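What follows is a set of structures for review.
Both complexes below contain chain A, partnered by chain B and then by chain C.
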Partner chain A sequence: MGRYLLRRLNLFLATSLVLIAVLFITTGYFPVDKQYALTGIESPTLQQQALSRDEFKLDSNGFNQFLAYTEQRLSGNLGLSVTSQKPVIDELTQVLPASFELAIVAGLLAILLGVPLGVLASLSKNKITQHSIMAITLTGYSIPVFWLGLTLSLWFGVELGWLPISGRINLLYEIEPITGFMLIDTLLSDSIYRISAFLDALQHIVLPAITLAVLPFTVVVRITRAAMLHIMNEPYIRAAEARGLHTGTIVLRHALPNALIPVLKNMGLMLGTFASYAMIVEVIFSWPGVGSWLVSGIYQRDYTVIQGGVLGVALIIIFFSILIEVLHNAINPISRKEIYAAN
Partner chain B sequence: MPLLDIRNLTIELDTPHGRVKALERVSLTINPGELHGLVGESGSGRSLLARAILGVPGHNWTITADRMMWDGQNLMEMSSKQRRNLMGSEIAMIFQDPTSSLDPAISVGSQIIEAMPIDKSLPLWKRGRVRRKIAEKWLHKVGIKNTDKVMDSYAWELSEGECQKVMIAMAVANQPRLLIADEPTDSMELSTQAQIFRLLSKLNQLQNVSILLISHELETLSGWCDQLTVLYCGQVMESGPTSELIAQPFHPYTKALVENAPDYSGELPHKSMMQTLPGSAPALQHLPIGCRLGPRCPQAQKKCVSQPSLCHKKDRYFACHFPYHNEPCNDDTSS
Partner chain C sequence: MPRISIYQEDDIPSPMRKLWQAFADNPFALMGLWAVTCLLFLAIFGPWIAPFSPEQQDPLALLLPPSWDASGTVEHFLGTDDLGRDIFSRLLHGAHLTFGMALAIVMASLAVGFVIGSISGMMKGLKSSILSHLLDALLSIPSLLMAILVVAVMGPGLSNVFWAVGIALTPQFVRAIHQAVHEELQKDYVTAAKLDGANSIQIFWYVIMPNVWETLIIQTTLAISAAILDIAALGFLNLGAQAPSPEWGAMVSQGLDNLLTAPWTVTIPGVAILCSVLAINLVGDGLRSALSPIRN
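Let's look at the complex of A and B:
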């Protein structure tokens, strides 16, 4: 197991290094002065110029520049935002929690609804139930997310007026960011309106979370169903039946833990798709997360924001996909079986 | 009254090659307290019969029977819930493939504890510990010494033999009235085999558990069982008390089995041919009509293309048109 963890850590470091190299090379191709692309200061003073030449070793060869670039970026120096002239790292840490909040709520929705529905679809003997669940998930899988987001906000936000369609919270409420998660911060704040603020934040997250949850939800349903259908025919399920256990016990204790393993694995694979969908959803619902921040940075030719955003998002995706793989191996005794035999 | 009484059980399988009668008109009677052996080659449908008795059929099976009685109750008319209640408590089964019959995702211990009987008189918080104690006791009985280590392991960390012992402990713990043991000692060394057989026969003698012992080893079965049933290609060839059956087989197949058993007295010359019936057992999609032994049978005649009905003489049953037995037999199809 130790060797395995070391190998995963190595994978993380190597992938991150390649990512930084790609960023470094593309930064050189930005159609502006290199110093401007690196620091985000348009007309630097002589002092600033000397400082950044020293920091990024701009007078040295390419390899040394790359090393200096890596060192600066990893130590948190992402430069100043071209448009706001504030440090990119501060903006990034401000928008990241919003994205995480949306992603966590959407992910929970997808899993908590998807797994039971998948189990139901696999156990049901009724052809109509089975086919309708499959048809619904296939429809959900093929609906483009930008169209779904716009349609939902048109119906529920504009025509019916049930739910707000933009932002995280009504501007009336002033909430001090503590954790950065609006749902938690509203509850933690000592304002007398905290409950109504919480409800307002909850209303704001409903539409974006549903829009984002549709794709992972359909995938979870389909994978759970396929895994359950396979596992219910395994000899150990038959043996459990032969011991006279109730069907409920068999499904919950024996079939489901085995079926969730491929679900977890596929969630790791889906992370990249999920992140790009999250960006689209954030733009549609003006959710102040890393996605809309990055997209507006791209529109405004904000070179430092583009670099910082891509670096942050990509590092997070790399980290989580490796984390899910490690978790998958730690939780799941069957995959440890292969390591058990190998080492 | 017999504990289990099956008459003319037929199992048809839907295969890509069409519908195949994997078991054809099989009859089996097990009396209370009997150790009944079921001999047959692999592929002769022994496991199918066991699963049909227990009530865990595959999805492509069609089961028909004239009669399938369990202790006076008709198994064919029971709902799946009633069958499930019988399983585990009254009929238990030891499966052939122990490692894959244990859930790979949870530890062996929790599965054993799950299979242990619950003492309803105990308060809730004590039940867990008591069940663990019972589980350890049964593991000791089947011959596992380091119970803690085995219970903390996963199925794939144990050897086949250990898994098989665990399966046996789970099956016998509820003290069923009928125990179906499908090749229980398949993957064990000889000394352990004897230990398991002793355990089974002790259960049989002390607690009056009827046991249906399924195996391909005629010698082992004849040593332990009171009654034997010989199965070939899904048809019953002969059945009766072990000693009589071995001493004087009526059916050509039984006779071949008994006579072809290798003789270890040392009289067999080096590299000489072993005696067998000519040919090999047919595959499921190429079953001969009538008596399925027909093409290989030394006694076969034209009449053998129709399936012989089960005749009985005293407590011996055999299905053959030309048995090694001269007196006319009673047709048993109507009984």
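Let's look at the complex of A and C:
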């Protein structure tokens, strides 16, 4: 296992380096002065010019420049935002928790609803139930997320007026950010309105989270169903049936844990698509997260924000996809056997 | 003396025929295939069928509702937008932008992914893992981030969508083909062919490829639906097709200003995207379930 972990760590480092190299090369092609694209200072003083020349080794050859670029970016120097003139790293850490909050709520929704529905779909012998569940999931898989978000906000936000359609919380509440997660911060704050603030934050997250949850939900249902159908025919399930165990026990204790392994694996593969969808959802619901920040960055041609945001988001995705792969191997003895065989 | 027949059927169906029969037994898949055929037809001949030009503005018919509404007219079958442009014609003109472009992107990235994937799948050890892991880095950049990078360098435009979505799709093909080839390479029948003295090109083309086509077909249908959604999403965010273009995602974003007064300007292009992606997914699903008994 130790050797395997080392190889995954190696993979993480190599992938991150390739990513930084891609960003470094792209930065060179931005249609502005290179120094401006690197630092975000539009009219630098002579001192600043000398400093950034020194930091990014602009007088040296390409390889040294790349090393300097990697060093600066990894030490947290992402430059100044062109539009706000604040350090990009500060803005990034400010918007990241909002995105994580949305993603976690949507992911939980998808898993908590998707797994039971997938199990039900696999157990049901009724053709109509099976077909309707498959039809719903296929539609959910095909729906364009921006259109779904608009339609939901038009129905539930405007025509019925049930739920708010933009932002994280009503502007009336003033919540000090502690963790950055609005749902937790409202409960932690010592204001007398904290319960109503929490409810308000909860109402704000409903529509974006549902919109974002549709895609992972459908994938989870389909994969759980396929895995359950496969597993329920295994000999060990028949053995459990022969011992006279209750169907509930068989499904929950014997079949489901094994059925969740492919679900975990596919969640890792889905991360990139999920992040794309999350960015679009953030733009539609004006959710102050990484996605809307990055998209407004590209509208304003804010080159430092683009680099910083892409680097941050892609590193997070690489990290989590490798983490999920390691977890998958840790809980799945069969795939572990393959690793040892390969070594 | 009667003829002895050892087979139940008179002729044994070929694998292709079996596949088609299994596919045609599923009515939804067949429906999807018809819809995809219609879409292909519209993507090619749409501009000739459309009653109006996509940019023709009718100042007398601004924000006209669709024809089934009481105040709609049949002349503008799906209504008009805020500039009086006929939505039905714009949809027909946009079909080759959204659907046709998705096909072109998938074909291009399939070709590149096929070459890289099969080379890296046939190789062993460090070389293979470097090739495939290099692309894992690209795979981890979501298509939208890729598009943002491409737009930052080249500016927004429909041609840049080609690069952004294509670069995002290629690693998926590489990975799928790499894994399929790699898996087949471990099997006994490949060893048997090697013992017969086949060189690696023969092994690749005559021994392994016939068993990889299926993975390839399924991956292609998945990629087409993903490409349509990506193109439309980029058009919606104004990073792809620009304002007067009848690309379906861009039509949704152009209708956004009138969402409250004229929701059909947003709903109808959205339904068009939904239906075309759904049709492709139905075909893909049908193919997968038709192939699975043959594959296993």
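As a working rule, the second predicted complex is superposed on the first by the 338 of 343 C-alpha atoms of A that agree within 3 Å, B and C clash if a C-alpha of one lies under 4 Å from a C-alpha of the other, contacts with A are read in each partner's own complex, and residues count from 1 in each chain.
The rule we apply is simple: a residue touches a chain if its C-beta (ideal position, glycine included) is under 8 Å from a C-beta of that chain, and two chains touch if they have at least 3 such contacts.
Predicted model only: the values in this text are computed from it and were never measured.
Asks: Have a look at where A:238 lands relative to chain B and chain C in the superposition and call it first, second, both or neither.
Replies: first
Asks: Answer with first, second, both or neither: which of chain B and chain C does A:246 touch in the superposed model?
Replies: In the superposition, A:246 contacts chain B only.
Asks: Is A:144 touching the first partner chain B, the second partner chain C, both, or neither of them?
Replies: second
Asks: Now for A:334: first (chain B), second (chain C), both, or neither, which partner does it touch?
Replies: A:334: touches chain B, not chain C.
Asks: Of the two partners chain B and chain C, indicate the one touching more residues belonging to chain A.
Replies: C
Asks: Under the stated touch criterion, which partner chain does A:254 make contact with: chain B (first), chain C (second), both, or neither?
Replies: A:254 sits against chain B, while chain C stays out of touch.
Asks: In the superposed arrangement, does A:90 touch chain B (first), chain C (second), both or neither?
Replies: It touches nothing on chain B or chain C.
Asks: So in the complex, the part of chain B that touches chain A is made up of which residues?
Replies: Residue list for chain B touching chain A: 54, 56, 59, 84-89, 92-93, 95, 97, 100-107, 114-115, 154, 156-157, 167, 170-171, 174.
Asks: Where on chain C does chain A make contact in their complex?
Replies: 28, 133-134, 136-145, 148-149, 151-153, 155, 225-226, 229-230, 232-233, 236-239, 249, 252, 256, 259-260, 263, 266-267, 270, 273-274, 277-278, 280-282, 285
Asks: Which positions of chain A touch chain B when the two form their complex?
Replies: Spelled out, the residues of chain A in touch with chain B are 233-236, 238-247, 249, 253-254, 257-258, 261, 332-334, 337, 340.
Asks: Show me the residue ranges of chain A that touch chain C in the complex, using the header's touch definition.
Replies: On the chain A side, the touching residues are 11, 14-16, 18-19, 22-23, 26, 29-31, 135, 138-139, 141-147, 150-151, 154, 158, 271-273, 275-276, 279-280, 283, 294-295, 298-299, 301, 303, 306, 309-310, 313-314, 317-318, 321.
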